[in-house]
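The following pair of complexes shares a single chain, chain A, combined with chain B in the former and chain C in the latter.
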Partner chain A sequence: MIPAVTPELILYTTAIGLIAIGLAGVVLSSHLFRMVLALVIAEAGANLMLVLAGYRWDAVAPILTSRAEPAAMVDPVPQALVLTAIVIGVGIQALAVSILIRIRQRFATLDRKEAAERMDAEIAATLGAPRDISQEAPLGERPLPTLPADQINMRGDSP
Partner chain B sequence: MSEIELWILLLLAVTMLSAAVMVLLVKNHIAAVAAASVVSLGLALIFALLRAPDVAMTEAAVGVGLSSLILALALRRLGLWRLDGSKTKTNLLEHHVENRDG
Partner chain C sequence: MSTNLVLTIALPLLGAFLLPVLMRSSVAIALWSGPAILVYGCWTVAELWLSGFAQPLSIAIGGFAPPLGINLYVDSLALLFAFAVQLLGLVFWPFTLDQESARRQSLMLLLVAASTGLALSGDLFNLYVFYELAAVATFGLASASGSGAAYVATLRYLILSGIGSVLTLFGIALIYSQTGTLNLAHLAQLAPAQLNNSLGLTAFLAILIGIGVKAELFPVNTWVPEIYATASTRLSAFLAGLLSKLALLIILRLLLLIFHQPEAAQVILILGILGVISGELAAWRAKEMKRMLAFSSIGQLGMIFIAMALPDGKGMLAVLALALHHLIIKSGLFMLAEDWGGALERLRGSAKASPLGAVLFVLFSLSLVGMPPLPGFWAKFVLITELAAQVEPLYLLGLTVFLLATVVEASYLFRIAATLYSNPAPDTLSEEIPKSKGLSLATASLFGAGMIAVALLIAPVGDGLQAIAAQAQDVDLYITTVSPAVSGGSQ
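And now, the complex of A and B:
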C-alpha cells in the first residue's frame, strides 16, 4: 500500500530526515568543524518540525487585519518559539566556533580523537601521574583491594 | 494547498535533504558551509509556504546571512580556508581515511 503524496508527508519526511542526518553527522564525523555543521542541520530540522506542529492546512497567516471577524489562522505560538530558537541557534554556533578556535590554538588539531588524546596527555602531565587508561584498549585486570581482617574472620566463622 | 505548491514543496524537500547529505560527505570545508546555507535557504522558503512570513524573514536574514558569515570567518580563523580544485574527485572511504589523519 503506497500512501498518496501529500504536503504533510513531504514536510514531515523532510523534518525527520534533517534531524536524522544532523544527529548522524554529530555522532559519526571525526572532524570537529563538520560536527558543528551537522548541529546546524539538526537545528533546522527541529525548527521545521515545530512550525509544522502549529500548521493548519486551510488557514491564513496569523496577521490581524481591521476586519471584525478573522478567518481561520495558523497557530502563532510555535512560530514565536521558532523565531526565538533561530536566534539562539546562531548564538550556539558562535559559541561552538569559539570553542573550536580555542581547541585549535591549544592542541593544534581539529580531529576528534587526536584532540582527546592530547587533552588526556596534558591532564596527565599536569597531574604528574602516568596515563593508565586508554580509549581504545580495554582496562584489563586490576588487583582487588584486600579485605579488612575482621571481615575475613567473620566470613570464615559463620556456618 | 494547491498542486503547484505541492511540487514546490517536493523540490525544496529534495534539495534540502541532498544538501544536508552533501554537508557530511563533501571534502572541501567551504563547500560544506555553502551546503549548510542552502539548507537554511530552503528552510526559509518552506516557512514562507507554511504561512509563517516573520519566521521566514528571520531565517533568511539570520540563518542564511549571519550564520554563514560566522562559519566562513571561523574557517579563515581555523586555517581551513583552502581552495584546492585538484582533488575534487573523492569518494566516501577516501574522505574518511583523510579525516582520520587529521
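And now, the complex of A and C:
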C-alpha cells in the first residue's frame, strides 16, 4: 500500500533523510571538513524533526496578538527547543571549524586517514610506547609474502 | 535551604564566564574564586545531606511548576552524584598559576556546572542542554595541550559526540511527538500507555546510543583511547571516573522511569557484553599504562551496563556499587599513571623508587579484580549473585563473560604489578626509573584512603547504597514528588 503523499509525510521523510545523509557522510567522507559538514546536515534533520513534533497544519503562530479568544496555535515548546538546539549546534560547528584550522596548521593536512595516522604516530612518540595496532604492522602472521613497495597500488592512483 | 542547591549549578556557571574578566583585574582573586565556588558547592550538598535528608524533593526553577516548568529532582542518588562532581572538580582542579590556566579553570567550572546539572535535572531537554555543555567544556579541555594529536583526537571526539547529540535530539523529538511532554515525572506517568511500543523503543535506542558516547558504550567509544592518551591525566580521570557515570545515570533514570520494555534491557545487555569483551581484550594488549586504563574503563563500564540490564531493577544495587567503585579506583589509577606513562618496560624497579605508589597500585588492582576484603569484591559479588539467579541464557552468557573478563583483568593488572616489583634492567640509571610523586601521588593516596575507608565500613556503606537504590527505583515516589497534584494518575 502506498500512503497518500501529504506535506507531513514529505517533511518527515526529509528529516529522516537528512539525518541518514548526514550520518552516511560522516562515515564515508575522507576529508575532515566534509565530516563536519555532514554533521551539520544531520543536525538540520534532527532540528526539522523536533519542529515537526509539535506542528499543527491548521494553526497559527503561537503569538498572542489580542485579548480575544486565541485561535488554535502551534505548540510553542518544540519551537523554543529547536532554537536552543540550533544555537548549540552553531556553537559546536564553530568550535569544530576552529579545531580544523589548528589541525591544518599543525599537520598541513585535513585528510581523514593521514590525520589519524599522524595522530597515532604522535601519541606513540609522546607516550614512548609502541602503537597497539597499526595498519603498517598488523597482528599475526601474513598468509602471503608482502609485496615490494613499488608494486603496492591499491587505490589505483597514478604513482 | 534546598534552593541553595540551584547555586551548585548557577555559581560555577557564573564563575566560568566571569573568570577570564576577573583575571584581567586581579589574578589572585581569579585563582581562588574557582576553588571557593567548589568548596561552597561541596558544603551546600553535604549540609543538605547531613540535615536529615530523607524524602526526595523537587525544585521548580523560576517558580513554574512542572510539567510546565523545568524542575530539579533531588533524591539521594542525585545528591550523591552532585557531591561527587563538586568534590572531584576540586580534587582535579588545574592548580597551575599562569594566564593560560585561567581558560582551563573556567572550562573546568563549566564542566562542573554541566555535570551537576546532569545529576540533578528532571527534564529531558534540560538534560540534553547540560550534556552538550559538558561536551563543549570537554572539547576545550581535551585540546588544551595544543599538540596536533590532541586537536585531531578532539575533532574525532567532537564528530562522534555530534552524531550522539543528533541521535539524542531525534529520540527527544520522537518522545515529544508521542507524549507532548519532556518532564521525566510526567513522562513516567504517560509511558506505560504511550511509549510502550516500537516508537518508544526507537526513541530509547536513539537516546541510548547518543548518551552512550559519553558512557563509553560499545560501538561509540572509539574516542576513549585517543582522548585519554592526549588529554591531561587529570581530565582523563574526571572523564573516566565521573562524566561516564553521569551519562550512565541518565540512561539508568530513563530505563527506570520510562522504558520498561524487555527489548531495551536486552540491547543494553548485548552492548554491555560486547563492551566488556572488546575493552578487556584491548586492555590486555595495550603496551602503555594510560591506554590500558582507557580500555579497561570501557570494559568496566560494560560490566555496569550488564548490571543495568537486569530485569525489574534488580541490578540497581550492583550498578551503584560498581559505578562508585570504578569512580574511586579508576581516578586513583589515572593519577598514578600520570607519572608512570611510557612503555611498561620502563616501569621496572619503580616499586623501590616510589614504594607508596606501588602499594597503592597493587591495592587498586586487587580491588578492581575483586579481592575479598576490598570494596571491589562486594560490588562484583552483588552482580554475580543477581546474574546467577536469572534463567535466561543471555544473562548467563553475561555472567560467563563477566567472570572471564575478571581473569583477563587480573592478568594485565598483575603483569604491571610484577613489572613494578621486578629489578630494573642492569644498565638503567636510577634517575631514569619513573617515580610517582608530588600532587599526583597525594591525590592517588586520597583515593586509596577512600577505598580503605569503604572497605572498613562496608556494612553501613552497603546499607546506605541499598537505601539509595530503593529510593531511586521508586517510580511512584518520583511522580508524586515532582507533581503532587496529579498523583492520582488520572492524566
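Quick note on the criterion: the second predicted complex is superposed on the first by the 129 of 159 C-alpha atoms of A that agree within 3 Å, B and C clash if a C-alpha of one lies under 4 Å from a C-alpha of the other, contacts with A are read in each partner's own complex, and residues count from 1 in each chain.
We adopt the following convention: a residue touches a chain if its C-beta (ideal position, glycine included) is under 8 Å from a C-beta of that chain, and two chains touch if they have at least 3 such contacts.
Computed from a predicted structure; not experimentally measured.
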First, second, both or neither for A:G22, with chain B first and chain C second: both
Which superposed partner A:A94 touches (first chain B, second chain C, both, neither): first
Contacts of A:I123 with chain B and chain C, given as first, second, both or neither: second
Which superposed partner A:L52 touches (first chain B, second chain C, both, neither): both
Chain B/chain C common contact set on chain A: 22, 36, 47, 52, 100
Touching residues (chain side chain B, partner chain A) in the complex: 1, 5-6, 9-10, 12-13, 16-17, 20-21, 23-24, 29, 32-33, 36, 39-40, 43, 46-47, 50-55, 58-59, 62-63, 66-67, 70-71, 74-75, 77-80, 96, 99-102
Complex interface listing, chain A residues touching chain C: 19, 22-23, 26, 32, 35-36, 39, 42-43, 45-47, 49-50, 52-54, 75, 77-78, 81, 84-85, 88, 91-92, 95-96, 99-100, 102-103, 106-107, 115-116, 118-119, 122-123, 126-130, 132
In the complex with chain B, residue positions of chain A that touch it: 5, 7, 10-11, 13-14, 17-18, 21-22, 24-25, 28-31, 33-34, 36-38, 40-41, 44, 47-48, 51-52, 55, 57, 59-63, 74, 79, 82-83, 86-87, 89-90, 93-94, 97, 100-101, 104, 109-111, 113-114
Complex interface listing, chain C residues touching chain A: 125, 128-129, 132, 135-136, 139-140, 143, 147-149, 151-156, 158-159, 162-163, 165-167, 169-170, 172-174, 176-177, 180, 182, 225-226, 229-230, 282, 285-288, 290-291, 341-344, 346
